[in-house]
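The following blocks contain the structures, represented as structure tokens.
Two complexes are shown next, each including chain A; its partner changes from chain B in the first to chain C in the second.
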Partner chain A sequence: MRAIPSAVLILLCTCASRANAQDARSGTVPYHVEAHIELGPMASDFLRGRPLPQGASRTTMGYDAIVRLMWHPDHLLAVGLLSGYQLLVAENYVVPDSLSSGSVHASLHAMPVMFDVSMQVRSLEVGVGLGGYILTTMLDDLTTARASRFELGTIFHAAYHWRLQDHLSLGAEALVSYMAYRGILAIAPQLDIEYDLLTY
Partner chain B sequence: MRLILALALGSVLLNSGCMTELLSADMPLRVARPAGDPIDSAGGAKLAGVYSVVQGEDIFGSKLVALWVRGELCLYSGSEVIFVETAGSMAADTSARFNGYYRFVRSAMTGSISLTILPDEGGRSVGAGLRNRDSATFTIRGTFDNPNGDGSRDIVLVRTRALDTAKFYIMGNCAGGRNSERLGRSENSLEMTRFSEYLGCNAVEVDLHVTQDDTVILMHDDQFSPRTVETTYILGDVSSFTLRQIRRNSRLIHGEVLPTLSEFLTFVIDSTNLQLVWLDPKVSRGVDKALEAQKNAIDYARRKGRSLRIIFGLPSPEILDAFRRAPLADSVEALYELLPENLASIKSCRAWGPRWTRGTQGATVAGLQNGPHHYWVFPWTIDSPDYMTQFLNDAHYDGILSNYPSMLTGLYYAR
Partner chain C sequence: MRPILTAFASGLLLLWSSGIVRAQFSSAASQSDHLALAKKDLLADSSRYFYNPRPLMPGTAVMNLGISLSLLPEPLVEQEIPAPAIDFQYKRGLTNSLSFYATVSTNYFTNVLMPGIQYNGGDDGLSYAIGNGIAFFAGYIDLGGEFDRNSAAAIADVPILRVGHHFEQVAVSLSLACTYVLYADTHIGSLEDKGIKYKVDDVWLTLAFEQPFYGQTRISTGMSLTYSRTPYQIWMLYNVFDQYLVIPEFFFSFQL
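On to the complex of A and B.
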């Protein structure tokens, strides 16, 4: 198992060197700095179930808003940063126990903080974000608790863009968030607004 | 595109590595007794001893140690972390029969094992219990699932000697074992504490944290995570949540309720035969509350006539400072984990707990044990069989803390 990270790194280095060699846009297209703003509903599946709260569905609904800032040189490849906000679940429930049967209001939020790599071929963009999530819980059970924790995770995204103006395009995107340590897989159909902040 | 695929594949592989600790070994939580009359404790206790492995040596090593633990026959290997738990009955022909499982603790490998002691090979003596105080030569025969293939294999054990009765504390970390050992019970839980005796422990170490409402609980990590609790909403700093919130919204990873220190100590006194508890505080907050629980438990044990030592660990200068300020600091026993030169300055210090990486330190250990304070010395946390053997042979420690108490049991008694 320990050999796997090393093997993955070697694989990545090999592929990166090949990616650098591509020249589909080289010399014909200027460099861009692009901003992506993405919004949409999100369905989350807790892959290992949710033992608590009792009787809770393992599938929950929320929404997400993602911001990506990408540096797009004269290659198909673009690199940048990805962050945003995701509401994984918010609910009210009752915990019947010997302490009391008071109701609880709770919600779970995630803020991805990732390095993003995407490939743009014509109007199609496919990418992956690597990094983690700052997971935040808000728990109102007699008193209110708020706590956060950083955990590793991944985002996969694929979009198709329609250019509206010189610097503005609109896209339909499918985004998949995977929080491996917690076993949460979230899928979000999104509207992706792309704006060229800088062209040089 | 190849880069994207490589990154996607890489992230899946790297992320999947995070989940391995959650997998459980396929071992039963209880062992079923074969049909027949129960074996009384006097008869079962005769089986305790060191056994030579006549058949099955390639799997279990050349020696196995047997202990009679709460009505069950448990076997411990020192060559690997192999642990066997069986429950037994007396058959009509006065043979003793046992069914159970073996477990390779460092992998998830488990299998069934069936053992028999024929009437003329000690079975009659086991059945006689206190009525017959002979020192029979026991031969245990049986079969076990072949861990390297299909079918079953034979095992034959011959008892060669009784156990060393000198006082030595075999201490299980995190109340007996960590979650990563996949023992079917959560670390720092009452269930793991109960199970620790079957693992060979006569002492346990537990980790202490403090909730937002100043309740001392058993928890190793500073943060709640899927490693320790199953929950949707309890995550992050332990000190962010009240005990009520934790209990109503989470369980330990094997479904147990997270215990408070007071509940744990009461359980140890009422429901186990453990002889020593090492309290290991992780934060300096709440030290006074922990000492209060420790003092109450000592008083309770004394009232019940229960022989139990509870020592409060002092692992850092911050916790030592908090300990010195606590009103009950002189009323409880403490264990200091830093430099031995400072031991004498802590009035209630009873023991020294050096990190094992400092080496065996034979002269220092002997000096502390034979000095005016007669300190106990417990090195922590030794998991390698080679280092266990070295520490057992090179210095006369009063006990050893390990994540593999079953292996320590096998090595200690088989010396």
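On to the complex of A and C.
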């Protein structure tokens, strides 16, 4: 529920990007199918804290890799699918018991599966992904325990692109992930490689 | 010689003046036509949206068909669950200021019909509307066992206030509305409840973006935030929270 103010903000930003270029695009600019590959480090904040292990930091570091496939017709809007991989936290703990030395490796991963909508004005792109995450917890002791669960979530992203070639551009992107059920807010500065797969 | 020169000069003058007059007349006429067409286009273009409160030209209509996803509140369903619905919206200009609107929303178990009238004013820079609708709600679900034959029906008065701004091709609108329940009756098996009658049950805020998507096809996208004591989307659940809950809703519709 805390995603709502952010959603409003992103929608307002989307609006603020306006339609100045829209007339120029309309009727003269072909349709595109664009692929985005995005990579970067990611900082996650567990808004309600982490109950286990005791004394764990609220903030963790990880990384993410996102892929977006977008259909961009002759106006500002583009729609598509967003997925990828996010490592939220990976830590080693010592929990000694009678059977082992107590070294435990635990990690939390997320795979977003979302419908993405973005608006592109000149070199600026602002968008929102709606859908969910497949969250996987892995606990590696003497054996490995793994648990997965689908939860709703949102991704907001804003990027500025520089065109390198006719079909290739490079962008700097800010990506914000929100996982409502667990109260995780993750922020990732990313490199966004955009390639026009198809123009018609 | 003099008559010839006079005739030649007169001819030149006539040609020149007629050319000027014709050009001026033609220019003025074309400017006037162009302005009239531009104004007509502007009116026709800017009025072709459902949420944007820019006055509709009398006789013109807008129809949207799309889907909405409401996130059911966490306190009632343990974790947020999306509840989908199919939405149909219709708006027709009655006069330069008055328009009729109607919305239908259904997912089979929950059905809402809301016709209304609104007064529109303003221009592309700032448009506004104040309206009132009557919402008819009906729901039915058979869960079997002790909870068979669950049904709900309600009628509510829905005043609404809209403001909007039209960018070059993106129309942004903000709507604020509430429901005052005039009649409500819920049956859960053999139990009956009329608890929310004569109360304000919901207040909601809608932010909508309307724009061309591809070619001449236009879409409406946006979200609503509903602040409700008894969210109609989950009428079939046993709600013991006598408190206001927040229900976000995302919508996406195509203009027909």
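Here are some notes:
Note that in this section the second predicted complex is superposed on the first by the 168 of 200 C-alpha atoms of A that agree within 3 Å, B and C clash if a C-alpha of one lies under 4 Å from a C-alpha of the other, contacts with A are read in each partner's own complex, and residues count from 1 in each chain.
Going forward, a contact is a pair of C-beta atoms (placed from the backbone, for glycine too) under 8 Å apart; a residue touches a chain by one contact, two chains touch by 3 or more.
Just so you know, these numbers come straight off a predicted model, no measurement behind them.
Once the two complexes are overlaid on the shared chain, A:31 sits against chain C while remaining clear of chain B.
In the superposition on chain A, A:181 makes contact with both chain B and chain C. Of the two partner chains placed around the shared chain by superposition, neither chain B nor chain C is touched by A:163.
Contacts of A:106 after superposition: chain B is touched, whereas chain C is not reached. For chain A, the partner with contacts to more residues, out of chain B and chain C, is B.
Touch criterion met: A:127 reaches chain B, while chain C stays clear of it. Once chain A of one complex is fitted onto chain A of the other, the partner contacts of A:52 are limited to chain B, with no touch recorded for chain C.
In the superposed pair of complexes, A:147 makes contact with chain B only, with no contact to chain C. Of the two partner chains placed by superposition, only chain B is touched by A:118; chain C is not. In the superposition on chain A, A:77 makes contact with both chain B and chain C. Comparing the two interfaces of chain A, the one with chain B and the one with chain C have residues 1, 4, 8, 11-12, 14-15, 18-19, 76-77, 117, 130, 151-152, 180-181 in common. By the touch rule above, chain A contacts chain B in their complex via residues 1, 4-5, 8-9, 11-12, 14-16, 18-19, 46, 48, 50-53, 56, 76-77, 89, 95, 97, 99, 104, 106-108, 117-119, 121, 126-128, 130, 135-137, 139, 141-143, 145-149, 151-154, 156, 178, 180-183. Partner chain A is touched in their complex by these residues of chain B: 1-20, 22, 212, 223-226, 230-237, 240-242, 244-245, 247-251, 255. Within the complex, the chain A residues that touch chain C are 1, 4, 7-8, 11-12, 14-15, 18-20, 22-23, 26, 31, 73-77, 117, 130, 151-152, 180-181. Taken in their complex, chain C has these residues touching chain A: 69, 71, 73-74, 79-80, 82, 167-170, 172, 207, 209, 211-215, 219, 221-223, 225, 246, 248, 250.
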